[in-house]
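Supplied in structure tokens, the structure appears directly below.
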Amino acid sequence: MDLNHSKALFTYMSSTENTLINEFPGQVQEVPGGGIVLTKIDDLVNWARSNSLWPLTFATSCCGIEYMAVAGAKYDFSRFGFEVARATPRQADVIIIAGTIVNKMAPVLKRLYDQMADPKYVIAMGACAISGGPFFYNTYSVVKGADHVIPVDVYIPGCPPRPEALMHALITLQDKIKRGMTREQMKQGL
Amino acid sequence: MSNEEIKLVISELLPTASFEEAGEWLNIGIEAADWKDAAQKLRNCAAAPFNFLFCLTCVDWKTHFTMVYHLRSTTTLDNIVVKVKLDRTNPEVMTVCDIWRGAELFEREVYDLFGVIFLEHPDLRRLLLTDDWVGYPLRKDYEDPINMIKL
Amino acid sequence: MSEIPLTNILFLSTGLFFIGVYGLFTRRNMITMLMSVELMLNSVNINFVAFNKYLYPEKLDGIFFSIFIITIAAAEAAVAIAIIINLYRSHHSIDVEDASEMKY
Amino acid sequence: MFIVDYLKDVYGAMKSLLIGMNRTGYYFTHHKEIITEQYPDNRDTLVMADRFRGEVVMAHDENNEHACTGCSACELACPNGTIKIINKFDISPEGKKKKAIDTFVYHLELCTMCGLCVEACPTAAINMANTFEHSVFNRGLLTKRLNKPDSKLKAGVE
Amino acid sequence: MVEEIGKTAEGDLIINVGPQHPATHGVLHLVITLNGETIKKVEPHLGYIHRSIEKMCESLTYRQFIYSTSRMDYLSAHINNHACALTVEKGLGIEIPARAQVIRVLMDELTRIASHELWWGAMAMDLGAFTPFFHAFRERESINDIMEETCGARLTMNYMVPGGVMMDLHPNFQNRVKTFLKLYKLKIHEYDELVTGNIIFQNRMKGVGYLSKEAAISYGVTGPAARGSGVSCDVRKLYPYEIYHQLQFDEILETEGDSFARYMVRLREMNESIKIIEQLIDNIPDGDFQAKTKAVLKLPKGEFYQLVETARGELGVYIVSEGGTTPYRIKFRSPGFSNLSCLDHITRGGKIGDLIASMGTLDLVIPDIDR
Amino acid sequence: MFSLESLTTLVQDWLTKTFPPAVALLFEFVIVGVLAIALFAALGLVLVIMERKVAAWIQIRLGPNRVGPKGMFQSAADTVKLIMKEGLTPDGADKFLFNLAPFIVMMVAMLVLAPIGFAKGFHIWDINIGVLYVSAISSVSVIGILMAGWSSNNKYSLLGAMRSGAQMVSYELSVGLSVLSIIVLTGSLNINDIVLSQQNGWWLFKAHIPALISFVIFIIAVTAETNRAPFDLSEAESELTAGFHTEYSGMKFALFFLAEYINIFIVCAIGATLFLGGWMPFHIGNWESFNHIMDYIPTFIWFFGKTFFLIFLIMWFRWTFPRLRVDQLLNLEWKYLLPISMVNLIVMTLVAIQGWHF
Amino acid sequence: MSAASIIFYIIAAFILATGVLAVTTRKIFRASIWLLFSLIGIAALYFWMQLEFLAAVQIIVYVGGIVVLIIFSIFLTIKSGEEMPKPVLTRSIFAALAVLFGTGFVVRLISLYNFKPTSTTVFNLNVNQIGMQMLDTKNFGYLLPFELISMLLLAAMIGCIVIAMKSKDKDATTFQNSIQ
Amino acid sequence: MGAAYLLVLIAAAIAFSAGGIAIAKIFVKGTKNPQKGQAYECGIPTVGSPWNQYNVGYYLFALIFLIFDVELVFMYPWAVVVKQVGITALFEIIVFFFILFMGFLYAHKKGALKWI
């Protein structure tokens, strides 16, 4: 699939540093001679991070409703400790792109992502966030995939994905974080 | 009122208007220059004040634009469609947002997507697209090789 | 505590008082001047309390005076701030030098 | 009277607040009202609605045969180009060239689960499965090939 | 932006609310000029979810384009699809089987309830009460289950097709709906206990965001928002479609014009929808669920306009056909767009909190506005 | 009565015996510091998980239940995550004040712990103006919030901070007046004295309706003073995204978060002390045998039990009510709480002077 | 030196340092924060002198009230992000000289004077005493000042309202006009 | 000397907070980008500085409540001795409150406690 950047997006992206491929943020630095203690601490930190993914309240369209449903009583992602939805990116860990990203929104999304404190993760929920989905062809304003704007960790196809699908994605993401995988490793590993 | 009756009323009100039966509602064609005046009259029409502008849009006919105004009288529940033909190279029409306040956003949208200039509009800026967008996407000849992937 | 003589506390309050004086002289902004005045009032308070405590331990008058001073400081600050805000509204400045040119 | 009104106000306000607290208190103490379904634990018992549209699949029988003739009706019906049919020409035993499906490309990342393709398919070769656990870490994995390798057209399907 | 700074008086604060803001339910961007906490001006900036659906539909066939409309006002997806299907049917001049009509109306009303329920929860959440949101989702989920069972999707159903509905009702449908009705009857009084009767809530809503009848008409406000100001504008009553003229239900009108009136209209409207469902659920006629149509639909040359009443107001679908398989021009008159235009009018002079309350009662769905 | 006094004296004795006085004092200080930090950490962990569970049950869902047994490690995970999260400082901010603000809030929360009697004879500093001290120190935290809000250089923060400034200054009045109505009865500001004066019954029951009224006012006012819903205007999520701590992340945010919970704990502890007898077991007049049975329950359990009950009450409010508007919030204070508590105080004075209480 | 005196010197240094910062810093918000610290330091001094009641009053009134009010007035009247103009050099030099001279003079005066306590009773402040004396009408009673204070505060309040409301009315009307 | 405990508590608070912040400073290495330091305002660049002159609607409230606050301070000593002084204390407070209430009524009448 050819990757088309929109004009506005392109100028925006070239004006700032392209952070598409960067180091895995929030890495625990190597301390020489750490040895076994450090790995244990690493494990602890990864465990904590994976179990406390606070999402940013970011929902642009229809998928946002299913995201709300996951927050709702029947599916209840608070069981995993994810219910602390923060309205400000400074305190959020994971940004769930629930909905279409259009050209006008792309800089906003990028800014929100940039403003998040490390470590941060991104979940693209729904066809729109993955690729523009229903609005891939013959539209002039839709970004064809949120990963043109910010790096994405997990993709959930569906339009909208079921609440369980989002939960499945969160669990797999959790799993990867627990194993201390970087974004690149995740991409290759599955 | 039936369409015939509305036709009578309106032809009295606007002698220059032309009529056309397309679709279920009465279609009225008005010259762009007369439009503001006609709008005022329609709004204050005694028999059926068309006080409710429920739809405002534009159609690109490749040779010309047609502004389409859907009006309703909330007292008699009659609907009419007013069509104003515009020049395609220089589409300009008077704004009606002082008559129907809801028209303000509608007109901005039409300006944004078709490039129709609404004279005396208080705040004619792009509404839906970014301010630096080039072109008017709902025109039939709009080409955008970067954003639009043709199926 | 007894090792600290009264004079030391008085030195402290003197210092504080003159800091306030310095602020009052150099600042031209009414709010900061008000702040300097508060500092001076506080140094006076310290004096009252210290004298009461060291010299007249059987009485409470110094304490009462300082409480009253605190109260009056609050009233003064409230009125002063109301005036400052009012002044700002009419002159768009709270600089004393601008205010001195005020015409009545 | 002013005072009476005032007290009535206060009383009414307190009452309305207590009613609300009574309601939430009821739920706090009545755990049987909890409606949460614990997703990853209930996977075995989770029944999806049979009409639920989770993804497009092509049914293959035990002989690795499917019913797709490669007629491209689904491709045309799909509103957003999710399906690409790549055809090849089989040589039938009689030596005739026959159009057949080579690859049924399905972009899961584009699919809107609208079901129009299934409606359009004349041979009911494809249908909507009610699976939903598709999340991946790599977008490329979402482009799928629906006909299994070496699968053949079912006999008798035209 | 630069002139905006110049325009404002000293002491004013310009604040962006949105596009990513919990209260805008999506990506509405409001630029608010504040004096202290008093709102001097609210300027909506749209387009953060403008997905060019109108342009896209020009290249989709009449069967295909319906799916994209469920992504507009996704909370009343059925009703959107219904409007499109009706317009196409109007163009084709087909008569729809009675069973399909009843199914459509049932689905519409269920959607309306689901939509109002979500709105109710979100509204309460905007005002800072979180619990109602979860309670509203309980009822909403049971509607979603019904939808999923019959239509195959929870939110964007794409169930209406030109000529009827895509599939027949699921055999469970009637039972499920009846269970839902029972649940609803059991729980509806809690809505009053938790929110409506609450003194804090009433104080926040009453006298806030006043919209007069004249202003409502002039701004083109429709739906519950206008009915809260006493404008009779229920399309189901005024220009009945399908079988609405045979049904017994009331158009809810409140005359206060404030946020609380709009709130009450929606709450009472849910009861009316329940009434409609009760009338129909046991009387679904047998027969076809879909009229026979051609595989490729072609509308005759002409213009077709159809009004329906969505959960948010009057949705108009305007199709200009040149006789081809795709529409020449399609325009959705979305209710949210007009409702939004009165936002500045009703919030001026209020507080930020009032803005949230008034915006909540307008029940904006942003993709519906931006399309 | 079971008490921790013997334990503390034991430790103190041992310290003074084995070490020279200066070192003993130092050790004591260290022990106090460590205990305070431990209490902080423990309270943070417990209250956060409690809040989430309460919220979940009220909202007909399960709440955290997958991290550790029954989700009990959820807040631990959150804490570790927050510690290991990058702490941002915005470029435009006043860096010094921005970083100072969480410390101020934290110090205030810590300082207020000093006079609280956790159990019989178990408090850090039995200050003779206990209650006044608490209300004085806790009024400093508004400065921390104003500082955080201003220095972030963010409009939401500033608005939130100013709201909270006005709110906290004004609600201090009602807190003060309702506290006073108990002081009138006890005639002492010392927390230990206040507890002891409830030897034969808690003030809430002993002093009839006026006590009940001042209890209600107290709960409302402290909810407002701690910026909790329905008075959480300073961080009103739907209006100001996250209010004064919009720009804070990582540990600095966690400190605000923690301080909020500690403050709740403290005001509830004060409420429990004033109205529910602090660590005093439930006694009824002269029913000696009943009182004896009650005495078997350790005093710290009484204290924490009462405090947590009040905390639960405040949480219950939060998950039930919508938020007030700013002007309504201040209206509530001056139109209802203040006049009522003034009248109530006069009535209470009458009760106290005439000895009409039990 | 005992611990108590060390603490005294720490407190004194804290008060003076923050006081100096409060009058010299050019960021007005910071100045108010330094002032606040200085006031808290004075409260700490009262604590150190075992005048807990006074310390609490100091904190309640100054920190909880006056400083908050000052901060509000800063928000209202000043672009709080800007630095204040540097004071005129001559003036600051002059002020510094005057202050140094004054300080020296007074310090010398104090150190020359020999303060003698009038009695040897140990000073002990408790709220009870204050209350008793405050409500006392007999010798050294403060009942009258107590009531007077309430009158004073009433006057201050009315004054504030009169002053502040005057401009507010104007504001309100202009605002009304602006929205029409 | 009890006040020393206050210092201990302050030290504990500082240790606690500084410790936590330091861990993140040492171990967590964040990515840098030009957007990160900008003020967050719903993802839109801010217009104008918040550090501007700004109309606080509630300063008048703060003003009035400050005065009440001061009065409250006087009531603590009063409250402590109510029982000893007896009925005079009641009259005291009634007079006191009456004066307060006058101010209150004045403020109310003037509309000072009404929101602008």
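Letters are used for the chains, namely A, B, C, D, E, F, G and H, taken in the order the chains are written, and counting of residues starts over at 1 for each.
Methods note: contacts are C-beta pairs under 8 Å (C-beta built on N, C-alpha and C of every residue); 3 or more make two chains touch, one makes a residue touch a chain.
These numbers were taken from a predicted model, which means no experiment stands behind them.
> If you average the Cα atoms per chain, which one ends up farthest from subunit E?
Most distant chain from subunit E: C.
> Report which of A-H and A-D is connected by more C-beta pairs in contact.
The greater number of contacts lies at A-D.
> How many angstrom lie between the CA centroids of subunit E and subunit H, rounded to a whole number?
One centre to the other, that is 44 Å.
> Distance from the CA centroid of subunit A to that of subunit F, rounded to the nearest Å?
37
> Taking each chain's centre as its mean C-alpha position, how far apart are subunit F and subunit H in Å?
Result: the chain centres lie 15 Å from each other.
> Per the centroid of Cα atoms for each chain, what is the distance between subunit D and subunit G, given in Å?
69
> Can you pull out the residues of subunit E that are in contact with at least two other chains?
Those would be 10, 13, 15, 19-22, 35, 37-38, 47, 50, 52, 55, 59-60, 67-68, 131, 133-135, 138, 141, 156, 194, 198, 200, 351.
> What parts of subunit C, by residue number, touch at least two of the other chains?
Residues 1, 67, 70-71, 74-75, 77-78, 81-82, 85 of subunit C each touch two or more of the other chains.
> Two or more other chains touching the same residue: where does that happen in subunit G?
Those would be 4, 48, 50, 53, 57, 60-61, 64-66, 68-69, 72-73, 75-78, 80-81, 127-128, 130, 134, 149, 153, 156-157, 160, 164, 171, 175.
> Under the definition above, what is the set of subunit A residues touching subunit D in their complex?
1, 73-76, 79, 127, 130-137, 145, 147, 152-159, 161-165, 167-169, 171-172, 176, 186-190
> Help me check something: in the complex, which residues belonging to subunit F touch subunit E?
Against subunit E, the touching part of subunit F is residues 55, 58-61, 155-156, 159, 163, 229-230, 232, 236-241, 319-328.
> Taking the complex as given, what residues does subunit A use to touch subunit B?
Per the stated touch rule, the residues are 2, 4-8, 10, 103-104, 136-142, 144.
> Would you tell me which residues of subunit G are touching subunit C in their complex?
Within the complex, subunit G touches subunit C at residues 1-2, 4-5, 8, 12, 15-16, 19-20, 22-24, 28, 31-32, 35, 38-39, 42, 45-46, 48-51, 53-54, 57-58, 61-62, 65-66, 69-70, 72-74, 76-78, 84-85, 87, 91-92, 94-96, 98-99, 102-103, 106-107, 110-111, 115-123, 125, 129-130, 133-134, 140, 142, 145, 149, 152-153, 155-157, 159-160, 163-164, 166-167, 170-171.
> Going by the contact rule at the top, pick out the subunit G residues touching subunit H in the complex.
3-4, 7, 44, 47-48, 50, 53, 57, 60-61, 64-66, 68-69, 72-73, 75-82, 127-128, 130-132, 134-135, 143, 146-147, 149-151, 153-154, 156-158, 160-162, 164-165, 168, 171-172, 175
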